[in-house]
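Let me begin by presenting the structure, written as structure tokens, before commenting on it.
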Amino acid sequence: MRLSDLLGADVVDAAGEPVGRVTDVRLAQTGPVGAGVLAQFVVESLLVSPRHTGSLFGYERRHDQGPALLRAAVRALHRRAVMIAWDDVDEWDVEGRRVTLTRDHDRHPPEVA
Amino acid sequence: MSGRPVNPRDPAEPGRGGRRMDAALRLLDHQLVDRDGRLCGKVDDLELERRDDGTLVVTAVLTGPGALGPRLPGVLGRATVAVWRRLHGDAEPGASRIPFERVAGIDSAVRLTMSRAEVPTYGLERWARDNVVEKLPGAGNAPE
Amino acid sequence: MKRIFSVALGVLTAIGGFVDIGDLVTNALVGARFGLSLAWVVVVGVLGIVVFAEMSGRVAAITGRATFDLVRERLGPRAGLLNLAGSMAVTGLTFIAEIGGVALALELVSSVHYLLLVPFTGLAVWLVLWRVRFSTLENVFGLLGLALVVFGFAVWQLGPDWGSLLDQATRPSVPGSEGVPTYWYYAVALFGAAMTPYEVFFFSSGGVEEHWTEKDLGTSRLNVFVGFPLGGVLSIFIASSTALVLLPAGIEVDTLGQVGLPVSEALGRVGIAIALLGFFAATFGAACETGLSVGYSVSQYFGWQWGKYVRPRQAALFHVVLLVSTIAGVAVLLTTVDPIKVTEYSVVFSAVALPLTYFPILVVANDPDYMGEKVNGRLANGLGQVYLVLVTLAALAAIPLMLLTKAGQ
Amino acid sequence: MGRRPVRPLRRALAPVVGAALALALAGCISPARTDEQYNAKAVAAVEAASSEVATVHLVVSQRSKRKVTSPYADEVVTASETALDAIEGAFGAVQPPSPLADATYAEVSEVLGNARDAVTHTRFAVRRDDDAAYADLLEELGSAGDDLSALEARLKK
């Protein structure tokens, strides 16, 4: 499996209603840090945006990143973007590029990594 | 390049507990730099592995045409993969894998603990060196 | 002392290196047709290139990433590849125009037909890219390019009515003999000539070549803030000289030989000799810069080792790109296309390609994870946004205006 | 980044290809269907020729005052001669749409021919660096230029 299999995949809730598409994948570091070696990264959550065109260029995550015009434009395009924990993913169909969420999943507003 | 200080506000800098990083923004399509500071490709994709407990772990950096091709659209993407297959000789060469343990640091670039000669995609660069650049006059002693 | 010398050298080369075949031809052409009524565009364009060159230089110094690195990482492989194709088409066109310009300048000196000189010029450019140190290249051609200051002396010697020149420049209006669309077509061309995308590819990659760090920000900014505007002044001098000599005579510029006539009118044979040296240095230097920019950008997209700070054998694919693009450039010129026409189209297409380059720079220059304290301030962001709108407008208007005016006829 | 491979590159490239095609067409000689279009082409040819004659006039006057070297003057004159050839050729290649336009053709080609002759004479003198000839040539070029301007004014009416 590759990251690019996940990026752009359709996200649907348990009832099959579309939530959006995977726009980014947040990784979290686990385990101890070795000498000069990074510890392991695991997928922690998905950034899901109903707009399937265009990256968010990092603007969804922080409120102070300029310039204001670009931030406003990107945020307006992706105003319904949400973060969903990987634990709330019920099933990932790699071939079908579809991520199904659990019935009681939570949607969080995006924030700084 | 090699003497460049590492960004102190780097989210992936060791010493900051529970570091988080957005993969598409901070890793994907970023420059790979070898242990000698030489540039050696891009993070064209990441390999993920599903563990039994359901967690998804990043196991390798994928680089080269085998990883980039599938991300390019239509004919172009298929052609890239086809050419790569032809050059490689294998029927299913796949992407060049750099195990994630060989990643030493992540700032604006992804720094590796290996030499670029060990990166599987170095073949193309080596071919160009041996068959074009070395054949040109003055290749050996050209100034830096 | 050494420090002052190196700072002065940087500023001087920035001035001398600013003008290339696009600026030379477009300014001369516009001066001869519109007087100084389009000089304001040069001012707007120079401020724009200052804003984005400073940003790209700062990003290069802090992060070590040059422009096409940023394009790839922010736009992804697909939009990035489209961007690469567009930017390289324009930069390649400019590269062809510069090599042709060198050959035309040499023809004026040697009376040998320029087509015979093209292969020789291509070889010379490639040898410089292959063998000559980056700093030598920048300093030699930058300093020799200062010979174009002769256009300033020519204007002064012609003893113009300064008040009327200033009036033309500050209260621009479309001359009666020209249509409004033609006026705007050349406005876009001048804008494209001043802001050519290769300048930021080259400037940011040059920063990495010269191992800039945060400490070099001051020097890099001085080069941009002083050198580029003075280079822009040089552009306006070129336009003024043709406005003073060629416009009243009813001469429209379509050869490099005509561009030199105001200088010979004012300063005679010595003047024209210096101008020819300036033509040669400006076009040869820019040929090297555009050639390198093609190599830089392609390599940065794919992540190959690039740059002249390593030996050629350590950046083999980069040098293959340089070799192939030089051969391709020479081949195109040998089809007998008119290099001056190529120049005119290259500056207009530059305008089309501008937003592709400037958008990712603006985004990354604001990314605090990369830039830390050195993110864009209010001024850089204010101007950056204004210019993003301006370059987008120019890009959208360029092709329709080209069709409407039959490329400025 | 719509990362799904749905959008073919072809569609994205369409505007680029279209622009290149339009550009190629813009540079071609288009036919004149009406007398008006033919007249516009005549004006364009005369204007372009004026610019070339004025260029040659300027460089010869500079050469007579030794402000430019002989090779430079030669280069400029030769370039203008070539340009005049091209202007004449391109205008001659356009089919006059009506017998009325034939008169325009005759008039324009005569004046263009005279201009071309004046420039050719100049080239002879410049290559020989025949100082004595420059005064007469400046006059010949001047009158060729005047004829062109007069014709342009008449055509524009």
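For reference, chains read A, B, C and D in written order, and residue numbers begin at 1 within each chain.
Here is the rule we go by: a residue touches a chain if its C-beta (ideal position, glycine included) is under 8 Å from a C-beta of that chain, and two chains touch if they have at least 3 such contacts.
All values derive from a computational prediction rather than experimental measurement.
The minimum number of touch steps linking chain A to chain C comes to 1. Chain C has the C-alpha centroid lying closest to the overall centroid of all protein C-alpha atoms shown.
Comparing the CA-atom centres of all chains against that of chain A, the greatest distance is found for D. In this assembly, the C-alpha centroid of chain A lies 62 Å from the C-alpha centroid of chain D.
Inter-chain spacing, taken between the CA centroids of chain B and chain D, is 55 Å.
Averaged Cα coordinates give chain A a centre that lies 23 Å from the centre of chain B.
Measuring from the averaged C-alpha position of chain C to that of chain D gives a distance of 28 Å. Chain contacts: chain B has residues 11, 24, 26, 28, 70-73, 76 touching two or more partner chains. Residue positions of chain D touching 2 or more other chains: 1-3, 7, 9, 12.
In chain A, the residues that touch at least two other chains are 4, 7, 55, 57-58. Within the complex formed with chain D, the chain C residues making contact are 75-76, 78-79, 82, 85-86, 89, 107-111, 245-246, 249-252, 254-255, 257-258, 260-261, 264-265, 268-269, 272, 345, 352, 399, 402-403, 406-407, 409.
For chain A in complex with chain B, the touching residues are 1-7, 23-29, 33, 36-38, 40-44, 47, 55, 57-58, 61, 86-87, 113.
Touching chain C in their complex are the following residues of chain D: 1-3, 7, 9, 12-13, 16, 19, 22-23, 26-27, 44, 48, 50-51, 54-55, 57-59, 62, 66-69, 71-72, 74-76, 79, 83, 145, 149. Considering their complex, residues 1, 3-5, 7-11, 26, 28-32, 38-42, 44, 63, 68, 71-73, 76, 107-109, 116, 124-126, 128-129, 132-134, 136, 138-140, 142-144 of chain B touch chain C. Here chain B touches chain A in the complex through residues 11-12, 14-15, 18-28, 45-50, 54-58, 62, 67, 70-71, 95, 100-101, 103-106, 113, going by the rule given at the top.
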